[in-house]
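Chain naming follows the written order as A, B and C, and within any one chain the residues start at number 1.
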Amino acid sequence: MIKRVSKFCKSYLVIVCIAVLLVFMAIFYPSYFSFSTFKGLLIQISVYGIVACAMTIAIIGGEFDLSVGSILPFSTLLFAYLMPKIGIFPSILLILIMGGVIGAVNGFFVSVLKLNAFIVTLSTMLAVEGIMLTFCDGMPIPAVNKATRAFGTGNIGGIAYIAIIFFIFVLVTHFVLTKTSFGRNVFATGGNYNVAEYAGISVKKIKFLLFVILGFASAFAGILLTCRLQAGSPLYGSDVSMSVVSATVLGGTSLSGGRGSVFRTFLGMIFIGMLSQIFTHINAYAYLQQLIQGAVVVAIVILDAWNNRKREDELAGI
Amino acid sequence: MSDVILEMKNITKRFPGVVALDDVSFCVGKGEIRALVGENGAGKSTLMKILNGAYSADSGEIWMHGKRVMNKNPLEAQHNGLSIIYQEFNLVPSLSVAENIFIGRLKQGRKAIDWKDIYKKAEELMHNLNYDIDVRETVENLSVAQKQMIEITKALSVDAKVIIMDEPSAVLTENELRKLFDIVLDLKSKGITVIYISHRLEEIFQICDSVTVLRDGQIIDTSEIKDTTKQQLIEKMVGRKLEQEFPTRNVELGETVLKVNALNRGNKVKNISFELRKGEILGLAGLVGAGRTETVRLLVGADRAVSGNLEIKGQNVNMKSPLEAKRSGIVLLPEDRKTQGLLLEMPITQNISVVGLEKVKNKFRLLSRGTEKEEAMKYFKTLKIKAPSATQRVSFLSGGNQQKVVIAKWLFSGADILIFDEPTRGIDVGAKYEIYMVMNELVAQGKSIIMISSDMNEVVAMSDRVIVMHDGEIRGELEGAEINPESVLKYAIE
Amino acid sequence: MNRQNSQAGGKLNYIASKYGMLSILVLIIIVAGIINPAFLTGQNIINIFKQISATGLLAIGMTFVIISGGIDLSVGAMMSICGVISVVLIPRFGVPAAMLLALLSGLVLGIFNGIFVSATGGTMGSSFIITFGMSTVLGSAALCITNGAIAYASKYKSYMVIGQGYWGVIPITVAIFLICIVVGQIILGKTGFGRLVHCIGVNEEATRLSGIRTRVIRISVYAISGLMAAAGGICLCSRVRSASPTQGAGYELDAIAVVLLGGSRMGGGAGSIWKTLMGVVIMGVLTNALNVVGVTAYPQKIVRGVIILAAVLMDLRSAKAENEMLATKV
């Protein structure tokens, strides 16, 4: 029994983390528990959560993307800039294309030229940031529009539209990962690249698509953020890659690829969201929150490696 | 013989400096179990890789079902009805059994993946083979034998007509082996051809119909199994009398230098105790996976023992790390030289000096390339290393010379006990003799050697004493006249 | 029949990759000199070095890390936090002690990086994710220390000496940078430690089995990187007369870029401090040239992103060319 519990805790570390947070708040800040905090939590995690879904697919496929950190803010600025000029839907379309193109550039360098994904996405992050800052000269752009405002702040029965879209994303991602051949090929590619290639899976195409999906998702997340905040800014989403990677890894999707699930990432997002809510609730520094988030990532990665070693030892009967 | 299913015509494949396959023609019938035997480096793996499309032949043709085929890659070979089961399995460890069987072919039509259907199909396939594995289990949790079954199932599910098995028995226990034989015979009854590559001649006589011998890239002979004997096969494989293959030595054994007491680590090393004497070559025999490599890794601190201890010349030695082991003069020459023994991208000089950088420093405590080169040149002479210069990158050396660089490295460190893990694997026949000479010279100088080897001739000819391991335990110890292939094998398979 | 040709081609490729950087440097200098003759004055050249010395210090540490087969994304944040420490500690401890403590912090934090990276297997991937996480930790720690504000240093005259002072005609920061280059090259190229840094970059397991404490080497490499980042942070703060908790953001990328531009190999094993010096100079000249011809800060970011990518691509090509070259030799 104890063994089974400990096994469960090991594989669902994030649930334990969430439970710890809840107990802590229940003891020291019972006022935390209310429907409005819950609503707030959902709104808070929804936008990044969409990027997290795409990041989960990428990490299962054995890849990684830092450029989401500049695609997202760039798309908020573009949306704010284009919407009054060419209308809502044409600008959405253009922005999605922009995201897809940047993703395709990443994908090309990683899958065809076989460059390291970290360094490629670092450089595109920098380049897109440069383009963005040149474009807006470092200033935010207001995006006041009745329709987008109604959409960005509206809700059904207290659940924000944006949160509902996030839920849909989670479900679709889950479906794609478990029920489509694309999804399973992502698992195979991330699990063992050579075996996947031998099995006739077009591994290069898979890797390429991972980045395109990430590009789309980040651009789309940027549009939603603009609707919610009624502005575009180069500072929005600066910490998205950190949050999203933390959530994914925290959820238990291994960085070495080949295993993971989007529900785990969902739980990871909940944890990250709760963490930041709690910090606001107890009036801690925003900086301290970032610090702890970084520390959590480092700790999780070390724990993950340690777990892997344990498992190998267990297989060897030690 | 019945219908020919696979035919290779005049296949030639050259690599820089060697002809790996020289005008090889090869032909197998439907439902035949054909053994393919030959020494390491005879060209078996090249032949397989060409069939499989991993290599392309320089010249020659492959015909299957009476049609010429071009196997440009493994996938195409699979479409043409040819599957290979390698020793290192082609499986994705993080995925389920069923998914591994149907990898790349999970979906039919436009609908979502029907997992129930896939599990059912996988179960059916398993049933057909009378095998019982939970198809929902993750592959990484399975035993080696079970993984092999999955590979066979996978091959059948793509409707393979020819299945090549590369040393399938090397990793199996006796029970599992019997099971494998049943399956191979079952495949035969279904009209599937099996090409069975193995070093164990006994097995071949048990289940194969015919046997092809490959030597130095040429087909020496193909015959019905009933028309040949083991002795004949060995002679054809080796191509000369065995005695000529090994140099003689006459070394007086000295006092005990190494004493291993009750070493344990997991299920690969169980309660291992033995002794080693000065001037002795101790053979460590057993099947692949018997725990030999795992044991010697503990001796040099590459892994940590869970319990047990080590005495060198009467002194208790802490085997915490390879550094401690190096200081006490016990070192390992690993089987996988390229990834564990050598710094491939670095010159010979630096590969040697890495174990004793203190000895190549000048008076300012900085490295002296001149001294490094002088030291390396000493070993060029004594070990007959052949290379254009001492600063040649080791990646460009032949297997034999690479092995000599590893030996030089450890001599430079002043080691007294050298553990050779498969000392001649991947080394040409001619160069093997030189490695044996070196080993003999080392023990003549008063050093001691532990030699892991899967090459029976090597074990029998080179060892003063042989310890046979099986399933992580020592099963037998042979000395002097007791050392012969039959008794070694008896303990190894048990 | 084509063998002769391809061999000659391989050689050409090899030479191009070996001297390609030098020719690019010369080209940039010529073009910038024609567009704006002020570019080639002695004063401007000293300026170039002054601007690049902080990046250069980081790049020295980064060279060690990259040759050992890893990467250190935390040096930018490390630079920020050590810079901040060196300024905020002055009132309590005085200038020299504050600087020493800042250097010590860099060293210790670097050791932590090293321990964490070793604990996660010491691979390229683990060094990326660990130092990426540490970069967030250190960056936000710097913000916590100053509560997001900038710490001004203009009133501490002796602190400013490093960034503002001269030895003869050479600015002190430049002198420090050049000294570190020489010392770094000796350590990396001539000592046993330096050799082992190369060895773990080529094959850590083989090195460990050769009886080397590879873990200690790996940790030391990150310690050096941390120390150099601290030195870079102090030089930068002293030059701009203040410590901003975000001043180092982005510097890690520049440091990686110059190391790769110089021709050290991503993934370890090959490289030298001289090469990095070359990369630093190219980056300095390029940035200066962009300034001189009037390109503003934001578009310069785009150029940098493209340069990093180009440097990695070039790295790939030169690795191929060198292999072909050596293979045909035999």
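Definition applied: contacts are C-beta pairs under 8 Å (C-beta built on N, C-alpha and C of every residue); 3 or more make two chains touch, one makes a residue touch a chain.
What you see is a predicted model, and the numbers here were worked out from it, not measured in a lab.
**Student:** Looking at which chains touch, is this a line, ring, star, complete or other?
**Tutor:** Its topology is that of a complete graph.
**Student:** Counting only C-beta pairs in contact, which pair of chains has the most of them?
**Tutor:** A-C
**Student:** Most remote chain relative to chain A, going by C-alpha centroids?
**Tutor:** B
**Student:** Need the CA-centroid distance for the pair chain A / chain B, whole Å please.
**Tutor:** Centre-to-centre distance between chain A and chain B: 45 Å.
**Student:** Where the centres are mean C-alpha positions, what is the separation of chain A from chain C, in Å?
**Tutor:** That gives a centre separation of 30 Å.
**Student:** For chain C, give me the residues that contact two or more of the other chains.
**Tutor:** There are none in chain C.
**Student:** Quick check on the complex: what are the chain A residues that touch chain B?
**Tutor:** Per the touch definition, chain A meets chain B at residues 175, 178-181, 184-185, 187-188, 191-192, 194-196, 198-201, 258-259, 313, 315-318.
**Student:** Residue numbers of chain C touching chain A in their complex, please.
**Tutor:** 71, 116, 119-121, 124-126, 128-130, 132-137, 139-141, 143-144, 147-148, 250, 253, 256, 266, 296, 298-306, 308-309, 312-313, 316
**Student:** Could you list, by residue number, the parts of chain B that touch chain A in their complex?
**Tutor:** Residues 73-75, 78, 90-95, 99, 103-107, 112-113, 115, 140-141, 265-268, 306.
**Student:** Can you list the chain B residues touching chain C in their complex?
**Tutor:** 300, 302, 321-323, 325-327, 331-332, 334, 339-346, 350, 353-355, 357-358, 361, 365-367, 388, 393, 396, 409, 413
**Student:** Could you please specify the touching residues of chain C with respect to chain B in the complex?
**Tutor:** The touching residues are 186, 190-192, 195-196, 198-199, 202-203, 205-213, 269-270, 326-327, 330.
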